[in-house]
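What follows is chain A paired twice: with chain B in the first complex and chain C in the second.
Now for the complex of A and B:
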């Protein structure tokens, strides 16, 4: 496995918004499945850089990061260790961490049921 | 002669410090006013979307979420500028790190709440958004009030 790569989200779209295909062709689920997961398959550390985008939305971010956990592809601690988000605003970075932890907790609760 | 020189130097130093403090205060108040305007804008657009129009299609929900988050980005950018300006003053600081942490926490919650409200028909959402906006206003007022408190005024707590 290679060591590190950086995904520039602006190469995917200038304005990453929307959760899934119902919200348009460029969305969080599509970016997760076709860009982030292939990168995680190949690299031990993946940096996701939003710097050049015009902004994003919680639904895009939740689907991207929370969806990685819900799909069972990766667990919470692995995701927090292997994926680094580059974003200008602290409140958004805090929220991303929250989406990951909440998705992990939700999955854990469902497993126990 | 020496005494006159010392007095002149002290006068110059005091003038520079006073000008610096005044400039910081004016800039901070300018940024605070911009933050208040943005909060008002977010409050009005949320009210228009959530209360005055009840039929939300996915397309309009998407647009509302995106435009609200752009406003939140601008709000956080202005807030960061306020923090930078206020951090420069060295005589005293009204716990800027605590204010920063609490404001960012509430702003993060506001981003999420607006996003959820955009797609849901939950009646609670407008109230939660209002409460969060009020919380942000209050944090800002408390900090500015304490940070630029006149020297002889007692602390509020």
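Now for the complex of A and C:
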């Protein structure tokens, strides 16, 4: 496995909005499945850079990061260790962490059931 | 016996035909929204105020939309704006959307319009692109943006330039002032609020399995668009988005969690009509125990843009319900409408300096 790569989200879209195909062809689920997961398969650390985008939205970020956990591809601690977000606003990074932890907790609760 | 003449036979035939027509004629129904036509041309006179913020002006706007709906598709139409002396962008946006739909349904309409006597109103409507919609050439004005729309078809092929323009306009307006709170939050919150309103439309308002007819629109199921209007006046940013989808109450009622959450919060919904109660239920979903993991971010994100502003206001109108939120005193208000508005209208008023926030958008 290679060590590190950086994904520039603006190369995918400058408008990272939407959860799934209903919101258009560029969405959180598509970016997760076709860009982030392949990068995680190949690299031990993946940096996701939102700097050149026009902004971020909860639905895109939740589907991207929460969706990685929900799909069972990766667990919470691994995701927090291996994926690093580059963005100017600390509040957005905190929200991403929240989405990851919430999705992990939810999955754990469902497993116990 | 008197001999029957040819004219008697004619008279008899005409009278028989009249009697038969009288028996088969549908009963007359008075339509308060139909406008008289002269030589096939209908004239609709706009009220002196276009606004959705008082019951009187809302009712006048509703009558105007119904009058537009009742114009036969093949008729000629004159829109008389001459009395118009006061406008709010949210009401202009609703009118713009209805006119765009009318023109798309009837591309051959011979439309004439009389401009407002007040030159400032004329200039503002020109700036918002209303005259361009009716057929004039658009003259861009520095610091202004015309009303723009994105259709479902455009969204599906990722043609989102109008959305990009709207986001950039809001960002520029915000960055041109020193915001009283953290500017970074406001900058990203404006992006998130506009974008979430945009994606909510495709997820909920125009969901494939939903259809709803509206009394002000012909074939609303064929029209799947999202409109946005913005203006930036004296330290305030006014933003309004609109769709003609099924509306928040209708969309909320079909959710599996609806009846549980609705009965949980029923004690807080006294005095509201059914649509206002459903808007409140939709707003409560994001923080409720019924929230599906990862979902319910749309309305809270739209509200956050106002919450982080010291003097912001949010207004949501859908169906017969109106929801208002003011960040200054953290106050929520619901009111009931007599007539049902098609789709959903959301307006944000954001103060860009500490001195502003209560100014009107006139």
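Everything that follows uses one rule, which is that the second predicted complex is superposed on the first by the 113 of 113 C-alpha atoms of A that agree within 3 Å, B and C clash if a C-alpha of one lies under 4 Å from a C-alpha of the other, contacts with A are read in each partner's own complex, and residues count from 1 in each chain.
The working rule: a residue touches a chain if its C-beta (ideal position, glycine included) is under 8 Å from a C-beta of that chain, and two chains touch if they have at least 3 such contacts.
Predicted model, so just to flag it, every value in this text is computed and none were measured.
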Fit-or-clash call for chain B and chain C when the two complexes are aligned on chain A: clash
First, second, both or neither for A:25, with chain B first and chain C second: second
Which of chain B and chain C A:42 touches, first, second, both or neither: neither
First, second, both or neither for A:59, with chain B first and chain C second: both
Comparison of chain B and chain C by chain A residues contacted: C
Partner chain(s) touched by A:11 [first = chain B, second = chain C, both, neither]: neither
Touching partner for A:103 - first (chain B), second (chain C), both, neither: second
Touching partner for A:94 - first (chain B), second (chain C), both, neither: first
Touched partner set for A:70, first chain B, second chain C, both or neither: second
Clash with chain B, by chain C stretch, listed 128-136, 182-190 or 254-262: 182-190
Chain B and chain C footprints on chain A, overlapping residues: 15, 17-18, 22-24, 54-59, 62, 88-89, 91-92
Contact footprint of chain A on chain C as seen in their complex: 155-158, 160, 163-164, 167-168, 171, 184-185, 187-188, 190-192, 195-196, 198-199, 202-203, 293-294, 297-298, 301
Residue numbers on chain A that touch chain C, as the complex places them: 13-15, 17-19, 22-26, 54-59, 62-63, 66-67, 70, 88-89, 91-92, 99, 102-103, 106
Residue ranges of chain A touching chain B (in the complex, touch as defined): 15, 17-18, 22-24, 54-59, 62, 88-92, 94-95, 98
Partner chain A, residues of chain B touching it in the complex: 58, 62, 65-66, 69-70, 72-73, 76-77, 104-105, 107-108, 111-112, 114-115, 118-119
